[in-house]
Every structure is written in C-alpha cells, then in structure tokens.
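In what follows, subunit A forms one complex with subunit B and a second complex with subunit C.
Here is the complex of A and B:
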C-alpha cells in the first residue's frame, strides 16, 4: 500500500502492523493533547505545581530530553568536524532523535510558561543576566538548526527526491552541513551549560548552589560533559532497541562499540569531575553557608543512596564497562551500560530539579514531596508519544540507517 | 533586542550577548540562503542528472561499489568513492598507468578477432563491447557513433513484461544520468546512461540495441568495464542477487549453481521486483 514510499532495499512491517503499533501512541497523544488544552485554557491550576514547586515534572522532562538529545550535536560534531565517518551510520537517526527531543522540550515549555502567545517577549525584551535567556535563545536557534538538518533526511525520501527541486536542495543543504554542525555544537555547548548554571547560581538553594569559574558555576560544565556522555549512549540504546523491534541489523557492531567507547571516555571524565564537585560542595560550599552537606541527605526518600546510585551505579560502573570493555565485552553489556548512563542522566536531572525543591532551606520550611497531576503526566506522555510517532514514521519512510542495506547484502561486514 | 526596544541598554553584557545571537542567526540564515541559491542555480542548469547520481551513489551498498581493480586482483578490498568514474580517479590512472583515453573499440568489421558471444556464468557477455555497472553495454560502430544496449543480466532481470520508454532523438545524455526507462506495472525503472552524448536513434529489444549515441569527438570510455573485469563483476552481481532473493527467515544460503533464467520476474513473481530492480540498476 505504501511500499512506494519506503526506501528501496529495506523491508518494513506491513501497513497493518504499522498501524497497530501507531494506534496506542495516537491515543496517548490525543489524551495529552486534551491535557495540554486544559492547561492552556484553564491555567496552571491544572497542575500540582505551586510557588514552592515551580519546577516539576515538565522541567525534569525538559532537562532530560535535552540531555539525551545531545547525541545529535555530539554525533554531528564527531562526523562533520572531527570526520569520524564510522558514525555516519547513525547520524540521521541522531538528528531525528535530537529534533524530537528539542521540539518536545519546546512543546512542554510552551505549556509550562502558559502563555504561548507571549513567547516572543523573551526574545524582544531579553534579560541578558538570566541563564534562562541564554537557554531560550540557544534552544530556539538549535531547534532551527536541527529542523534544517532533518530536512535533507526527509527530502531524501524515495518519492520526494523524484522532485528535482527537493533533490537539488537536499544536495546543496548537505554541503553546508559542517557549518550547521559547528553552529549546533556551539549552541549546545552553551545551552546545556546554562541549564546546569541555572541551578548552580541559586544562592537560596544551598543544595544546588555551586562555586565555579568566573560567572559559571561548576554545574555549567558538569551539565555539558554529562550531556555529551549521555548522548552517544542514548543513540546506542535507541539504535539497539529499534534494531530489536524491527528485527533488522541496522548498524555494524563496531559502530555500537565506538559509541560505547566515546560515551565511556566522557563519562569517566564526568564521574571524576562530579566526585570532585560533590566533595568540594560537602566540605567547602555547604559549610560556607553554615550547613552540613550531609544534612541534605537525611530526608527520606532522598537519602544518601541517591548520591551513591548516581555516581557509582549509574556513573562509575557503566563508565568502566564501556571504557575498558568497548572492544571486548559482548554487545549486551554495552547496551546495559548505556541504559545505566541514560538512567544516570535522568536521575541527575531529577535530583537537580525535584530534590532541590523538595529540601527545606529555611528553619520554618518543611520537606515537601511533589506528585504531578494527571494533566502533567498526560502532557509528559504526550511528548513521549509524539517522539515515538515521529521516529516510527521516520524509520519507516526515511533512510535513517544507511548501513542497513549494506548489512543485508554483505553480512560479512557486521 | 534592538536599541529602540524597551529594556535595551548599552551594557557590555547586553551588547555582547545580542551580537553573538545575531551572528549565530546570521550564520544559520546565510547557510540556508547559500544552499537555496545554489539549488536554484542547479535547477536552471543541466546538472540535475549529475546530482541525482551523486545522491543515489551514496545510498548504493558498498558491496555493489567494489572497485574494478578488486575484480582484476590488483587490490584486495576497495570501495569506489568516485561514482564509478574512473576517468577522474587518480588510483585508476596510477594502476593502469594510462592517462590518455582508451583506444577506441574496434569497429564491427574487425570483430572476428574477439570472442563474440562469450558466456559468463551462462550469460551472453560479448567481449566486443564495454560494460557499465548499471548493466548497459556500449559498442562503437564504424561510423563513430556508439550503440548502447542492456546486457544479458539486465535483460533477464527486467523481464519481457517491461516496456521501454525512450528519450526523444536529440536528447543529450550524461554519464550515469537517465538513459531510458522501463515501465513494469506501477514502477518505473531508470536505466543509467553509460556515456554522454546526443541520442541519434532509438531501438528496442528486436533491434538488438536501445540507443544510438553521437558523442562527438570527445569520447572517453575508460570508466567502462572490459575484458577480465567482466567475470568477477558478474559473479559479484549474482551474489548480490542471491542475497536479495533469499528470504530473511532463511538467511544467507549457499547457492547450488545453475544459471539465471531468461525472464526472472516471470519465474519469481513473489519477489519485491521494484526493490530488486532498483538495486540491480543502481537506483536505490
């Protein structure tokens, strides 16, 4: 039925099976759309956020997907700037994932801000002293870059490239891709950092506050490195999952191993710096406020285990597995390690957002737990469903993994 | 945002931040503008066929892009990155130590010296012609014009049910651009032109050729396969075909010999012929 739209040389699920896969996600999308409508039409009283918990599930989602979407900029940087041609096998998929992550984050921010019609205010009257202004500008520019990077992948669709205008535009866009990759790297570097910096400058929240270099707190640099480490892991994990779900060999094993090696190396640096940062905060920053650092870990359920899990289980262990074992271990171990890294980035963003706000900062403050409303959860799932649908359509109709036909025709390569 | 907008101040931070933002936005816009301008220029030019080949070549599996010097045993493993255009390939020039065009093929009257009708794995691949990787052949005639046809592998793959759609006489062809089409049901298979030149006549299956091309005086055919390269190339093509036809459930299986039947689509109606023909005729 739609075989004329599917790339030649690859096999995809029958239209019936594909529709069956899409239907549940469409239902979630519809519920999420209704929740979004409620939030936009009736206001943020539809959420469980308040003055204390001004950052909730949505900001956690924003930080997480932007960190996971870092695979797009980092892979682009490796392919187009450092000329690591092996990663061309995943660059299209990385761009689609990046586009989904960033557009999903912008969608949720639109609901979170609650006044989408006034979104242009942040550009027209920017407060250049705010980290969020830098984040807004960088994310907007980078989403534009990602949309431009996504365009050639779409225009290479079998039917679209039959139109000469699309064919030549795709060809010429491809030539300027190194420039866009460079711009994307620059933008990502700053907005990933500014998202971390946003927490590090919170003087009123000693749990998040960090010292640093000049105007940049240490969290600025930690967010950049952690995102750069998690990006390749997320690409590894997503490629493996798509490969399992579609029952196709999409990339050769050395691509998985290279991604694991890059992720492992960066994660090792991150774990080292994070450990130094934590020790500095425990022994210098927190006492500087007249507080004991460990006192922040007395509030269940966010006890000291969370620190152990974040640094050791989701940090050091996968870092060592991937760094040392990227060439020797079985693929399953690398997939497990990349899952741990992705969990680690989610936990880190959760700690920075939710734990920071849950902890009391004044003598009369109470420890508070936050439970999102169904509207918040539905909006969260809306983004997940939106991403799944966009990726599924892209996988079906676009050539996301150029090695796929190669591996089918020449299995010896794998 | 701008000096006359409320909230703007001439502070260093403000000016620096906005300058960086404008530079970044400018670079993004300029990159897109350059791409759009070049695309418009390409559309007005005659480069579309060349661009299409460039785009398609990237998507051809590396197994199908094996360098001709691997076929001759000069290299053990190499993938072509030059769009099968050996005329501009430095390695080819180095290996053949020939920087001048190939000597013109012998005209028909001297063909008796060649082994006409040479069989390669049961396929008729006469040695008096040159072969293009898209399964076309080229033969120089006594009047200096080139005759272009589909090789036996291509004929058997395309089947009898396909009808050719030719370009009109006078059409200019470019190497690796569109030669002609075959229509097979809903799909339209593009056959790549092995040479550049002007179409002076069109034929058909009954005529023994498909196109007659006038290349003028400038006729460089070094990019086409010949002689000892044919057999290993056809072997690779047969291997690709076996893998493409093998069911995924069965995996790659060892073929037990045999020859390609005369009309593959008629004998194997269940296969995904649109995909298969795209792979064979280098239109991924």
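Here is the complex of A and C:
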C-alpha cells in the first residue's frame, strides 16, 4: 500500500503491522495531549509541583532527553569535523533522535512555564548573567540547526526525491552540512554546559553549588562531558533496539564497537573528573559554607548509595567494560554497558533536579518529597510517544541507516 | 553576634556595601514573636493576595511571610520553642534570585536595596524559586479569585498578580512610593521614616518587628542590627540578607544561622 514510499532495497513491516505498532503510541499521545490541554488551560495547579518543588518531573525529563540527544551533535562532530566516516552509518538516525529529544524538551518546557506566551521575553530583555538565558538561546538555535539537518534526510525520501527542486535543495544542504555540524557542536557544547551551570551557580543551594573556572561552575564542564559520553551510548542502544524490533541488521558490528569505544573513553574521563569534583565539593566547597557535605546524605531515601550507584555502578563499571572490552566482548555486554550509561545520565540529572530541591537549606525546615500528578506523567509519556512515532515514521519512510541495504545483500559483512 | 561578620569562608565573602542612598531592612525579635500570624494576614490583605482555593495545600498557597515553628529538641520541662517568620530576606549581595532570572523580572532597586519582582515580565519558569535558599518565593498556581464582594476591598495601590507568575515580599514598596509622593507634596526631598512601614511591621501586636534604613546610623534598625544577639538566616551562604533576627537564646541563633545541619526539631 505504501511500498512506493519505502526506500529502495530495504524491507519494512506490512502496513497493518505498522498501524498496530503505532496505535498504542497514538493513544498515549492523545492522553498526553489532553493532560497538556488541562495544564495550559487550567494552570499548573494540575501538577503536584509546589512552592518548594518548583521543578519536577518535567525539568528532569528536559535535562535527560537533552543529554541523551547529545548523540546528534557529537556524532555530527565526529563525522563532519573529525572525519570518522564509519559513523555515517548512524548519523541520520542520530540527527532524527536529536531532533526528537530537543523538540520534545521544548514542547514540555512550553507546558512547564507559567506564562508560555511570554517565552519571547527572554530574547527581548535577556539577563546575560542567567544560565537559563544561555540555555534558551542555544536550544532555540540548535533546534533550528537540527531541523535543517533533518531536512535532507526527509528530502531523500523515494517519492520526495522525484521533485527536482527538492533534490537540488537537498544537494545544496549537503554542502553546508559540515558548517552546520560545527555550529551545532558549538551550540550544543554551550547549552549542555549551561544546563549543568543552571544548578552549579545556585549559591543558595549548597548541595548543587560548585566552584569552577571563571564564571562557569564545574557542573558546566561535567554536563558537557557526560552528555558527550551518553550520546554515543544512546545511539548504540537505540540502534540495537530498532534492529531487534525490526529484525534487521542495520549497521555493521564495528560501528557498535566504535560507538562503545568512544562512549567508554569519554565516560572514563567523566568518572575521573566527577570523582575529583565530588571530593572537592565534600572537602572544600561544603566546608566553605560551614557544613559537612556528608550531612546532605543523611536524608533517606537519598543516602550515600545514590553517590555510589552514580559513580561506580553507572559510571566506572560501564566505562571499563566499554573501554577495555569494545573490541573483545560480545555485543550484548556493550548493549548492557550503554544501558548503564543511559541510566547513569538519568540518575545524575535526577540528583541535580530532585535531590537538590528535596533537601532543606534552613536548619528548621523539612526534607520534602514530591510525587508527580497523572497530568505530569501523561505529559512526560506524550514526549515518549511523540518521539517513538516520529522515529517509527522516519525509520519506515526514510533511509536512516545507509548500510542496511548493503548488509541485506551481503550479510557476512556485518 | 555575627551580624556583620563576612566570615572567613573562602567561597562567599561579602563585598563592601555599594548602595548609596538607603538600605531598608527589618529586625525580627524572635523572643517576642508569639507566632500569632497577624503579619501574614496583614501582608495578604495589604498586597491583594487572593484566598487559597480549597484544593490548595500549605505547599501551594501564597504566604509571602511564612511562620516556622522549631524547638530545642529537649523534652519537658526543658523544652523551648521559637517561631521564625520568614519572608524574602532582601539579599544584598549576589541575591540568588536576581542573577538567575532569564528575563530580568527580578531587580534590586539600587536606591533602596529592595529586591523587586516584576510580575508582568515573569515567565513563570520558577528558576528563582529553586535558587532561593529561604524558600521565600511563591508561585501563583491558580487564577486569583476573590469571593463575591470581597474584590471591593482590594488595595488600589497594588496590582493583583496573574496565574503563572512568581511573587514575594517587597517590603510593601507601594508604601514607599506613597511616602515619597507625600514628601514631594510637602516640598521635602526625603521621606519621613514614620511614613514608610510595611504592613506586617505595623500589624505585629507584640512589636516584634522593626523596620527602617540600615544605613541611617540613628535608626533603630541600624542599632539593633549591630547588637550582639542579632543574626541573619544562613549567614554562611554570603547572600547578605537585610532581614535580621534577634534572640537572647543561643540555640535559636545557632539554628537560624546553620545550613541544613540538624534534623527533627521542625514543626511546619
């Protein structure tokens, strides 16, 4: 029925099967849309956030998807700037994932702010001292870059390619791709860092506050490196998952191994720097405020285990597995390691958002927790469903994995 | 006590004072505060804070002053408690909320040192709330609605805030403007200090609150702020609050200055 839209040389599931896959996600999307409508029309009283938990599930989601979407900028950087041509096998998929992550984050942010129609105020009277201003500018620009990077992938669709104007436009876009990759890398570096800086500058929140270099707290640099490490892992994991779900070989095994090697190397650097940062914070920054850093870990359920899990289980272990074993271990181990890396980035963003706000600062105040409302969860799932649907459609009708045809004809090359 | 102590903490040294004209501050005598809540009510009425809807909780309601109760953790007969009325502390140095706001909706008035919130410019991102160590900022989770007839009693000098923006105490800035207008009408360049007193200070039946210009050496607030029993909340963070607290009891002073060091003696 839609075979004329599917790329030449690849096989996709039957239309019926595809519709059956899309229906549940569409249902989640519809529920999420209703929840979004409730939040926008009735206000943020529909959430369980409060004056203490001013940030909640949505900000955690924003930080997480933007970190996972870092695969787009980092793969672009490796392919177009450092000329690692092996990664061309996943660059299209990385761009689509990046676009989904960033646009999803912007969508949720628009629901999360109390006055979404005033979003343009930040561009009109920006406070240049605010990390959030930097984040807003960079994310807006980078989402535009991602949309332009996504365009040639879409225009390469078998049917769209028949229109000469699109073909020429797509060809011209390819010429500027290295420039876009460079711009994207610069913007990404900055806003990943600014998202970390968002918390690191909070002098009033000793748990999050970090010293640093010039105006940038250490979290600025840690967020950049952790996102660069998690990005390739997320691409590895998502490619493997798509491959399993579609029962097709999409990229050769050496691509998985290269992604694991890059992720492992960056994660090793990150774990090293994060450990130094944690020790500096415990022994210098926190005592500078006249308190013991360990006092923050007295409040269950956020005890020392969280630090151990973040740095060792989700950091050191996958870093070593991927760095040392990227050439030798079975693929399953690399997939497991990249899952741990992705969990690690989620836990880190959770700690920065939720643990920071749960802890009291005033000695006579309470430790507090918060449970998201169904509207918050539904909006969260809305983004997941939105991402799945966009990716599914892209996978079906666009050539996300250029090696797929080749691997189908010569399976041994995998 | 350590009221003007910039401490020796490497991270947070407070710089020299840079405001030239006035620097309004408040002293709250904790030994006098009975926790009656008159300051809260006066503040809400003066500043057109709408009644909380039935579905609101103590964590979503708007209380520009919030009264915390704490005790010394001892059992009877040695048990003692204290009430901490906490509003915006009007940070003087590196006000955490000012630097983080992405669109300059929070500004410090250089002539008075009052930290002001501009609701019509606020995006409602709540980053300032996450940044404030005193949890003294409140979000309008609901549309402001008053019971029928009650809107007639609104204060015409204060704009009600819309849903989706942050608000906080601004030392009843509109009263300062009224005092300035009065002074100008009388041909004076300076206001009479008695003409500018925030609603909470005026309402306190125990006279636990004192307000005035901290730079005026002759003022009561200036004298009390330098008293040995005066202190500021979370002094170590170096935000330089202009709200001072006083207590003869050492455990109270320690409790106010400490950063998240103790557990279990809090009652709301």
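The rule is simple: the second predicted complex is superposed on the first by the 413 of 414 C-alpha atoms of A that agree within 3 Å, B and C clash if a C-alpha of one lies under 4 Å from a C-alpha of the other, contacts with A are read in each partner's own complex, and residues count from 1 in each chain.
One rule holds for everything that comes next: contacts are C-beta pairs under 8 Å (C-beta built on N, C-alpha and C of every residue); 3 or more make two chains touch, one makes a residue touch a chain.
These numbers come from a predicted model, not from an experiment.
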Considering only the touch criterion stated at the top, classify A:201 as touching first (subunit B), second (subunit C), both, or neither.
second
First (subunit B), second (subunit C), both or neither touched by A:176:
first
State whether A:85 touches subunit B only (first), subunit C only (second), both chains, or neither.
neither
Mind working out whether A:2 is in touch with subunit B, subunit C, both or neither, as first, second, both or neither?
neither
Of the two partners subunit B and subunit C, which one touches more residues belonging to subunit A?
C
Which of subunit B and subunit C A:289 touches, first, second, both or neither:
second
Once chain A of both complexes is superposed, is A:44 in touch with subunit B (first), subunit C (second), both, or neither?
second
Return first, second, both or neither, reflecting whether A:129 touches subunit B, subunit C, both chains, or no partner chain.
both
Going by the contact rule set out at the top, does A:253 touch subunit B (first), subunit C (second), both, or neither?
neither
Could you say whether A:402 touches subunit B, subunit C, both of them, or neither, answering first, second, both or neither?
first
Considering each complex separately, which residues of subunit A are in contact with subunit B in the first and with subunit C in the second?
124-127, 129, 133
Residues of subunit A that touch subunit C when the two form their complex
43-45, 50-55, 112-115, 118-119, 121-122, 124-127, 129-133, 136, 198, 201-206, 209, 211, 284-285, 288-292, 295-296, 298-299, 356-357, 359-368
Using the touch rule from the top, collect the residues of subunit B that touch subunit A in their complex.
1, 5-7, 11, 13-14, 17-18, 21, 24-25, 27-28, 31-32, 34-36, 38-39, 42-43, 47-48, 51-52, 54-55, 58-59, 61-64, 186-187, 240, 243-244, 248, 252, 272, 274-275, 278-279, 283-284
Given the complex, residues on subunit C that touch subunit A span 7, 9-12, 53, 55-57, 59-60, 68, 70, 84, 86, 94, 96, 99-104, 121-127, 129-135, 137-143, 162-166, 233-234, 236-239, 255-256, 258-263, 265-266, 268
Footprint of subunit B on subunit A - complex, ascending
3-4, 7-9, 11, 123-129, 133-134, 137, 141, 144-145, 148, 156, 161, 164-165, 167-173, 175-176, 179-180, 183, 186-187, 399, 402, 405-406, 408-411, 413
